[in-house]
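Following this line, the structures themselves.
Presented sequentially are two complexes of chain A, the first with chain B as partner and the second with chain C.
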Partner chain A sequence: MVIQATGLTKDYVINLKGKGLKGMAKSLFKSEKKTVHAVQDVNLQMDEGELVGYIGPNGAGKSTTIKMLSGILAPTAGSVRVCGLDPQKRRIQNAMNIGAVFGQKTQLWWDLPVRETFELLRRMYNIPADRYKKNVDEFMDFLDMGPFADQAVRQLSLGQRMRAEIAASLLHDPKVLFLDEPTIGLDVNVKVAVREFVKKINKERGVTILLTTHDLQDIEELAKRIVVINHGQVGFDGSQAELARKYADGKHSVSFTLQQEVSDILLPEGLAAHCTIQREGRNVKVMHDSSVSSSDLIVALVQRYRLTDIDIEGPQIEDVVMEVYRE
Partner chain B sequence: MAVKRLWFYIKLYPYFVSRSIQSRMSYKSDFFLGVGASALMQGLGYVFIWAVFQGIPEMNGWSFYQMVFVYGMAAISLGLNEFLFAGSWNVGKHVRDGSFDRLLLRPMGTLFSILAEDVALHGIGSVLFGLAVCIVALCRLHLALSLGKILFWIVAMACGSLIFFSVNIVCATVSFWVTDISSSMVMVQNVSEFTKYPIAIYDRKLQVFLTYVIPFAFSSYYPAGFLLGMESSPIYWIGPILAAAAAVTVAALFWRYGTGKYQSAGG
Partner chain C sequence: MRKMLEKYYALFSASLQQSMAYRFGFFTSFLGEVMKICVMLAVWMAVYRQRSTIAGFDYPMMITYLLVSQTVNNVYGFKNDAERLISKRIMDGSIVFDLLRPVRFVNARLAENAGQTILQAVFSGLTLLCFKVFLPQLSGPSSIAHGALFLVSMCAGFFIMFSVSAISGLLAFWLMNNWGLRSAKAAIVNFFSGALVPIAMMPGWMQGVMEVLPFKNIVYVPTMIYMGQHDIEETLVRIGMQILWAAVMWLLAKALCGLAIRRVSINGG
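The block that comes next holds the complex of A and B.
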């Protein structure tokens, strides 16, 4: 077990400031406090080499969880082990085991060229010379970083910087990688490059990856397992297929066009109970839940009617996620 | 293990600092202005003492050049602190905008990260000025320091800057609870003004305060008293070392406690 979080909880205490000057003066002496339960009783286990998509709406507690796993924040309650270590108490050793990318904050040195930043990291993590060279060459090549490797970080575009951030987080061969919204604000090409790179790192190096994102394409392409957090609590933990079954039942559909006008679409009894029919002239959409297989439905339809343009649709991950977030 | 760790930091430090200087040097005029301003500030204080002594031959047993020596010692310690430990001024900013996160992600002590991240070269202006007036004072007092005393002097200056640094760190640590602490840091910095003159000229209560509460007096008055051969009590020579050790210990423990309270920021 690479990551093991049990009953993980984080409360923030926020000082509420009053409005205006008067409120400010008041809060100097007596401040009202409010407790925010950012993460509540989260259990998360990840095996070596797993890639988990950690999703949830803004403010759900995703970043707070990652900050506790990476040793930045101390949990209010519960226990965390990353590679067998308590990330906060053994912060320095834990830092050697993990890599982290926060899409919203840079880990690089603003005034230094990318190449020098890597050199600093080499010294900081004591990376053996041969590993360092191999990693830099491979990352530079795969992420096409050559053109901007000698520019100061502050001069990079977001896409260039993000590629540098991800490469930087992996130079020391971490066992675990935390990616907190790594594709935020990136154009399609860079997104694809980042996804391919993450896939490759996970597959070839067996790096355990926890990924948060609002881009569902990331999730669809990368994460077999999804953990959904909302209001600080885990609402779902399982495969993409299970997620779809749980939240988007009834979102499967078969659409077709009738070749002849018919008054009513009739389905065999076993199927009819699980289907709803939408119709607009000859264009028909039959929606059904997952207890009905699309092929059975099509066979039943073809036996009774003459159809063209048959189109089968599964639940869209957008629908699923919207459903989950609504809870 | 601890030795290995220390060696790791010693090797890493110059590399980090040279990077910091590299990025600071891209603003060259800033650097020269800074050195000039820093030396000028100290110079004004010198003029002040000189003006006071135009009217009186000595102050509570301290002659003009003895006072100048104390003044020079304080300038050296303060300058070293300014030069080497400038990073402590960035703590508040790191905590406020959440960039302290990235220091916690590195496999290094956070205090080391803070120190290695920033040096303020213009502190050298103060150091050079202090050194110059100390040498002038020694010549005028016709004092030749033994090798032992010169070594003590170096140690005392290191201890003095560590005391300033520790007090700064204690103030900076408060930013883990209170968001803006720069004004309190400036206030404590202003207290260091007192160390430019022998504490013997102050009220008893202030002497106790500068010795036991905020032990700034160990950066100038005590070691100067010993170096100038004016005092022989052990507090004048062992005091600076003990005070620095105590200050660093308190600062490090408080820092460790404070970083545990770090709340990060934003998403």
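The block that comes next holds the complex of A and C.
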């Protein structure tokens, strides 16, 4: 077990500011406090080499969880072990085992060229010369960083910078990688490059990866296992297929156009109970749950009516996730 | 041990490199400091036109005190960097990356601050030599031994200055903005370190207060050693006191940092 979090909880105490001038003056002397439960009783186990998509709406507690796993924040309650270490108490040792990218912030030295930053990281992590060279060469090549490796970080575009960030987080061969919104704001090409790279790192090096993102295509392509957090609590933990099964019932549909006008659409007994029909003139959409197979439904329909433009739709991950977030 | 030092040496050199990246800003603010020294010189020259000594300081001594103390002050950082280095990272949340690295937070900032200080020391030292050309009254260290001990004393002063700045910077964890604290600290350190007026010129009771506080060890003590105001034996005692204060303030800064990291949240998602 590479990551083991049990009953992980983080509360923040927030000072509330009064309204208007009067409230402001009042809060100078006595401020009201409010406790926010950012993360509540989260249990998370990850095996070596797993890639888990950690998703949830803004403010759900994703970043807070990652900060606790990386030793940056102390949990209010619960216990964490990363590679067998308590990340807060053994922060320095833990730092050698993990890498992290926070998409909204930069870990690169703003005024140094990318190459110099890498060199600085080599010295900070005491990376052996041969490993360092191998990693830099491989990352530079795969992420196509050659053209901007000698530019100062502040002159890079977001896409260039993000590639450098991800490479920087992996130079010291961490066992665990935390990716907090690594694709935020990137164009399609860079997104694809980043995904390919993450996939490769996970597969070839067996790096355990926890990925948070709002881009569900990242999740669809990368994460076999998904953990959904909402209001600080884990709402779902399982495979993509299970997630779809659990939340996407009734999200399958068959749409078609009738060649002739009919008064009513009738389905056989066994199917009708699992289907809902939407109609707009000749355009019909039959929605059904996962106990009905689309092919059975189509066969039944074709036997009774003359159809064109048949369109089968499975549950979209967007819909599934929206369903989960709504809870 | 060598491996551990290598980490911090890496930060030291990166910080030196970064300071050089902002050459223009560095030179302009440095020029500002030189102008400030010139204004202070003009004021003291006017004062000494009326009197020949004040509190045991004659005109050449005063010129030397002024220039040496200002140089020492500028070596430590005319831009108050140790403090900004820390509070800025806390306020904008970039401290997450500092805590992600396999280095101790305060030690790493010390290494970075030392990197900036080297650059400041070179320029402040050169400026002092320039002043010597125009003001023959400015005297060198009173002996080679005093000169060497002055450098040691300045190193100890740097540690105290850094620790005080670090403590003040770390308070940004609790305050939402430490701008007010920063200016207050700058004023207190400037006044009580003897960077503005020699402590010997203060009224008796104020001298008593200043003797007890650690701040005189930052500027006043090294400057007095440079000027040979104490014999070697007393100089060593003074340096011993400085080192003691440096240790106390350093440990305080480390303790505060440990406390901050354990209990405090991080800004910005």
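Odds and ends about this structure:
Criterion: the second predicted complex is superposed on the first by the 314 of 327 C-alpha atoms of A that agree within 3 Å, B and C clash if a C-alpha of one lies under 4 Å from a C-alpha of the other, contacts with A are read in each partner's own complex, and residues count from 1 in each chain.
Simple rule for what comes next: contacts are C-beta pairs under 8 Å (C-beta built on N, C-alpha and C of every residue); 3 or more make two chains touch, one makes a residue touch a chain.
Owing to the predicted nature of the structure, the values given are computational and were not obtained by experimental measurement.
The superposition on chain A brings chain B into a clash with chain C. In the superposition on chain A, contact is made by A:Q107 with both chain B and chain C.
Legend: residue contacts after superposition of the two complexes on their common chain; A:L216 is shown touching neither chain B nor chain C.
Contacts of A:A74 after superposition: both chain B and chain C are touched. Using the contact criterion defined above for the overlaid structures, shared-chain residue A:I277 touches neither chain B nor chain C, since it reaches no partner. Once the two complexes are overlaid on chain A, the chain A residues touched by chain B in the first and by chain C in the second are 12, 63, 67, 70-74, 88, 91-93, 95-96, 98, 100, 102, 104-107, 109, 111-112, 116, 120, 123-126. Contact residues on chain A toward chain C in their complex (touch as defined above): 12, 63, 67, 70-74, 88, 91-93, 95-96, 98, 100, 102, 104-107, 109-112, 116, 120, 123-126, 152.
On chain C, the positions that touch chain A within their shared complex are 3, 6-7, 9-11, 14, 17-18, 21-22, 93-94, 96-97, 99-104, 261-263, 265-266, 268-269. Put simply, chain A touches chain B in their complex at residues 12, 58-59, 62-64, 67, 70-74, 88, 91-93, 95-96, 98, 100, 102, 104-107, 109, 111-112, 116, 120, 123-126.
Listing the residues of chain B that touch chain A in their complex gives 8, 11-12, 15-16, 19, 22-23, 26, 98-99, 101-102, 104-109, 260, 262-264, 266-267.
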